[in-house]
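We call the chains A, B, C, D and E, going by the order they appear; numbering starts again at 1 in every chain.
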Amino acid sequence: GPSAADSQPVRLAYLQNDLHHLALWIALDKGFFSEEGLPVEVAGIFRSGPELMTAFGAGELDAAYVGQAPATIAAVRGTARIKVLAQANTEGSALVGSKALAEGKVPRPTLAIPGHGGVQELLLQKALPTLGLSADGVELVVVSPPEMLPALQSGQIDGFIAWEPYPARAVLQAIGTTIANSTAIWAGHPCCVLAAADDLIDKRPAVARSLIRAHGKATRYIADHPEEALAVAVKYTGMDEDVARRAMAHVTYVETPSLVGEEEYVRFLITRGVIKVEDAAAFTRSFIDLPTREAAAR
Amino acid sequence: MMLSPLVSALAVAGVWQAVCQTGLVPPALLASPAAVGLALVDLCRTGMPPGRTLPMHAWMSLTRVLVGTGLAVVLGAPVGLALGASPRLRGGFMPLVDFIRPIPPLAWVPLAILWLGLGLASAAALIFLGAFFPVVLATCSGVRAVDRSYVEAVRILGGGRLAVWRKVLLPGCLPAALTGVRVGLGIGWMTLVAAEFAGVRGGYGLGYMILSARDLQRIDMVMAGMVAIGLVGLAMELGLKRLSAHLVRWQ
Amino acid sequence: MMLSPLVSALAVAGVWQAVCQTGLVPPALLASPAAVGLALVDLCRTGMPPGRTLPMHAWMSLTRVLVGTGLAVVLGAPVGLALGASPRLRGGFMPLVDFIRPIPPLAWVPLAILWLGLGLASAAALIFLGAFFPVVLATCSGVRAVDRSYVEAVRILGGGRLAVWRKVLLPGCLPAALTGVRVGLGIGWMTLVAAEFAGVRGGYGLGYMILSARDLQRIDMVMAGMVAIGLVGLAMELGLKRLSAHLVRWQ
Amino acid sequence: MASALSIRGLQKTYPAVGGKPPVTVLGGVDLDVPPGAIVSLVGLNGSGKTTLLRLVAGLETPTGGTVRIDGREPVAGAAGGIGLVSQDLALLPWRTVRANIALGLELQGLSRARREVVAREYEAAFGLSACAERYPKELSGGMRQKAAIARTLAAGPGVVLMDEPFSALDCQTRNRMQAFLLDIWTRRRDTIMFVTHHIEEAAFLSDRIVVLTPRPSTVAAVLDVNLPRPRTRIDPGLTALRAKTLAILNRLSRQEH
Amino acid sequence: MASALSIRGLQKTYPAVGGKPPVTVLGGVDLDVPPGAIVSLVGLNGSGKTTLLRLVAGLETPTGGTVRIDGREPVAGAAGGIGLVSQDLALLPWRTVRANIALGLELQGLSRARREVVAREYEAAFGLSACAERYPKELSGGMRQKAAIARTLAAGPGVVLMDEPFSALDCQTRNRMQAFLLDIWTRRRDTIMFVTHHIEEAAFLSDRIVVLTPRPSTVAAVLDVNLPRPRTRIDPGLTALRAKTLAILNRLSRQEH
């Protein structure tokens, strides 16, 4: 039965307007946490992963939906003692560019990324050769995703790589064309995860298992009820329905984490000099909490 | 002929609407006053994100700003007074003040979360950081500008340190300190978006609302949020001016 | 016994280092002074992101802050003077000023990018917005506080409007205006992260550096960036104080 | 080409503020200063002398009645028109003594060199040469007063208004300043209105003494000083005039208390 | 229980600033004021009278020599010790006339009611009742001066320092104030140091007149006024003393020019 500690609400957080976190909103909206007997509390809505990680480190959060990138970096650097309980989604980013870029007519394009060390930077690195470009042949600028659209429209950048819904919106508004969906660049690449504090996993393992199960239900719900899921996305973000629909079509909602994907990303971070990890494979196996997942599955 | 604030407000709105109607600027990037008006209505009814309406956003932000700026005044004024009155303290601590005050509030976000957690304390602390230094500097200059002869008059009449403070330095620096509070309050509001970066509990706040709308390219709502901040800030400023006129009526 | 700034700086660093050494705070969340020192060295050698070193970041930010704050002073001082001297203008435009000034710089980001692009102009404009209003308010109060009898003396001696400005109002409000410039410069630096948040061309800037370090959870580099901003801000402030002491040596 | 000053039914009321009643200072003052004359204005404290000078200088607007200088209303800012040594001196604190003295000339557009010459002349005449480079707050009370007088006279106004200009001077300096003023006046024939509580001084300097009643003030008496110039201080005519003026003031003072 | 004032070899030099040389104001002043005596300090403008009073009040520190009040160095802030009517008055602009007059009593911790009674008494004595609720800037120059004197005397200090306290008063008010001062002094026997340029006033009020030389000043002469009190203004002894003092000042003045 649930212990006294388990009746404490789980402090959850997510990033506002990130469609990748849809499963959380579904679970909240459809009562999947309650079904698991899990009291939850949205303890914070964040603007970006790094702040969310700080909140983890400060002991303010028990679990959160967040990008795999900030979660990995924080775990390695010790900002937050967390593990991945489940995948929230894979894929769901895209490289969008001006017509000229799509036609390969820009000799030295200016391309925007959302930040350094993110999955999108790795995706872009992978995509460049297919565009006939080298890392030295492009000008990289960091632009916050909402500003990528006006920047592209006003010709200050030639293209950008970002998570949905920014690519979808750019296409719908005819600001840019999709040059490559991330599925094409790196099929099944990791993106966002459900992460939990080590503290929670160690001291309240039942809660961790319940989280995984509720998340699993929510993820299956998205697959089974796409229209209802869309309605929840619109409800939680206020996004236009057609934008959300198009965006969600490019996001793959799966709950099983990919060890291979994470390991590759870790290696990328190591080569970029962002983190120092002796054994990427070992780190990945410890970072993704397979034992709890197995326990939850039983 | 008196220039009423209404006239100047209408003039600004008129130019703004005209710019929008030339069609030179895409409406997706600059909302017209009319569109912003509609967005305001929408924000009160539907909210952004849906269900989170403007009055609640405003209320939460107001709380954060009032707590942050209030603290800034309560702590900043004494610090400014002390620095203004003592060249020794000034020599020792003014460089520290001058070192800390240019540091952007956004850079403090991680430390604020670390020390104060998520919620009011953290947000108020960042607003505090914005408002604190203008209050300190203004109060400090204010004290230094008080005519020495008034201090001497009170000393000679038997007043000690405390009396010099109560009878001369405090009333004497009041006009300058009030200007500092006005600047501080403005900066407090200006710091709001940064403050709501620290993660908002419950998902309310004008800064949070603006950034949410920005994520969705709802420029009309972004601008409606700016207008809302402007109006709340203006209302507080007018209240402050009233108070100030009452306090320094001898001028 | 004089409290030297060095003593107070060492005291602060000592407390900070002690807090870090208690082990109560994880070093990943609060870097020690020693770690920040190392990070500074690292930032100068390797850079963040790698290849982009601190001096270049500082140089680019300095340019943005100087242009933004410079404009704020050049435009804000005349506006403050005009508002201070004319109750009519004050009545008409002060509410507008009070309306616009609390709006957070981050909220202006979309409009700044729209109008000014991703480069210097955009960043400088946001810094300008931060620094402008403190300068306006301080200058305005300064003008209003100038003793009327000085104005009368110049009028009586045959001075016209221009002469009243040049011989009385300008020198008379100088101390207050200089305080405004000091506050404005501080706020200008404070606005830096917001200004560089939207994206900077060339990938340089202390705010940009701090955000990059934040993305990579390098709290030591975030804090090193804060220290760098503090030091550059302090250096500018000291220069300003020198200038100010020279300009108002009659005090 | 000296100016004539004519004041008719002049009234001044300070409006009510913060629950305190309005104050009527001038209750209808009629007064004439012939071109090139020195008229002294005497009266008890608070009788409105300063207010009257400020109205003549165009620094306040009358509530009623008129002030005319050569038939025109006074305007502050008419270069070389009116000079005022105000009771609070109003030396610009950010200017040295020399720069203060040169202010009027500067406003008249004189060259730097020319200003320097005139300023030095006045510094010397007022015994301020040693502190010409000092700021006003470094001066003694009397020295500050001398600097303010020098500033006004150096500008060479046609109408000179002086509000207790010698009140902080020692006797010797006061006498010297009186002589200096008369000396300048003899050369320039400025029209001078002079406020003083020093009745002997009023009599010694003036062509006419005007006595104001207490607030709301009107003209209590006009005494013409028909004594030849240059005068001596021990002139019995002066003594008689002084006694007469004091008697009027004494009466006014007794009425007030 | 009046205080004795003793000044020995008092020196004061303002340090050099901004390339301007230091100024030695007092070059070694010796001066005694017996307990309960009125001593007038006279001297030319800039001779250091104000500086001397400020040193006695403990507002400046001497560069050399000593000031002793009852054997102790003066300290500003010792309630009820020293009173100073400074040349610049220093009325607090944010306080009404009444609140200014009551300031000293307030600092001594008197109850509001008691302060009110005393303040009203002084307002009445100084003819300020009508403007007790006004702020200083609403007063005429003379009224302001009276308010400053009232503020100092109301506090009842044992040593009263007055720096040209009556310079802006009309003759009648000046005489009344002199009488009022003597009246208070007769009752309280305060020790009074009185700076004035009005030699008649100095003679009429004082037990002793001290004349300072020009800067760097020393004591030029000490004249005892051995005349019985109450005095009349036309006392021939006074006239003689006045002539004698003026002669000294004239000599000093001629030497200076």
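Just so it is clear, a residue touches a chain if its C-beta (ideal position, glycine included) is under 8 Å from a C-beta of that chain, and two chains touch if they have at least 3 such contacts.
Computed from a predicted structure; not experimentally measured.
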Mutual neighbours - chains that touch chain A and chain E alike: B
In the contact graph of chains, the distance from chain C to chain D in steps is 1
Separation of chain C from chain E in touching-chain steps, minimised, is 2
For the sequence-identical pair chain B and chain C, what is the superposition rotation angle on Cα atoms, to the nearest 5 degrees? 180
Let me have the rounded angstrom distance from the C-alpha centre of chain B over to the C-alpha centre of chain E, please. 49
CA centre of chain A versus CA centre of chain D: separation in Å? 83
Rounded Å distance between chain A and chain B, as computed from the means of their C-alpha atoms: 35
If you average the CA atoms of chain D and of chain E, how many Å lie between those two points? 27
Could you check chain D for residues that touch two or more other chains and list them? 88
Using the touch rule from the top of the page, what residues of chain B touch 2 or more other chains? 29, 110, 114, 211, 214
Chain A, residues touching no fewer than two other chains: 50, 54, 57-58, 146, 150
What pairs of chains are touching here? A-B, A-C, B-C, B-E, C-D, D-E
For the complex, which residues does chain B have touching chain E? 147, 149-150, 152-161, 163, 167-168, 171-172, 174, 248, 250-251
Using the touch definition from the top, list the residues of chain E that touch chain B in their complex. 57-59, 76-84, 86, 88, 90-95, 103-104, 106-108, 135, 151-152, 155
Interfacial residue positions of chain A with respect to chain C in the complex: 49-50, 53-54, 57-58, 70, 73-74, 77-80, 110, 112, 115-118, 140-144, 146-147, 150-151, 154, 156-157, 272-275
Chain D contacts chain E in the complex at 14, 20, 23, 42-47, 50, 87-88, 127, 133-134, 138-143, 146, 163-164, 167-174, 197, 199, 246, 249-250, 253, 256-257
Quick one: in the complex, what on chain A touches chain B? 13, 16-17, 42-48, 50-52, 54-55, 57-58, 60-61, 145-146, 149-150, 153, 169, 173, 234-240
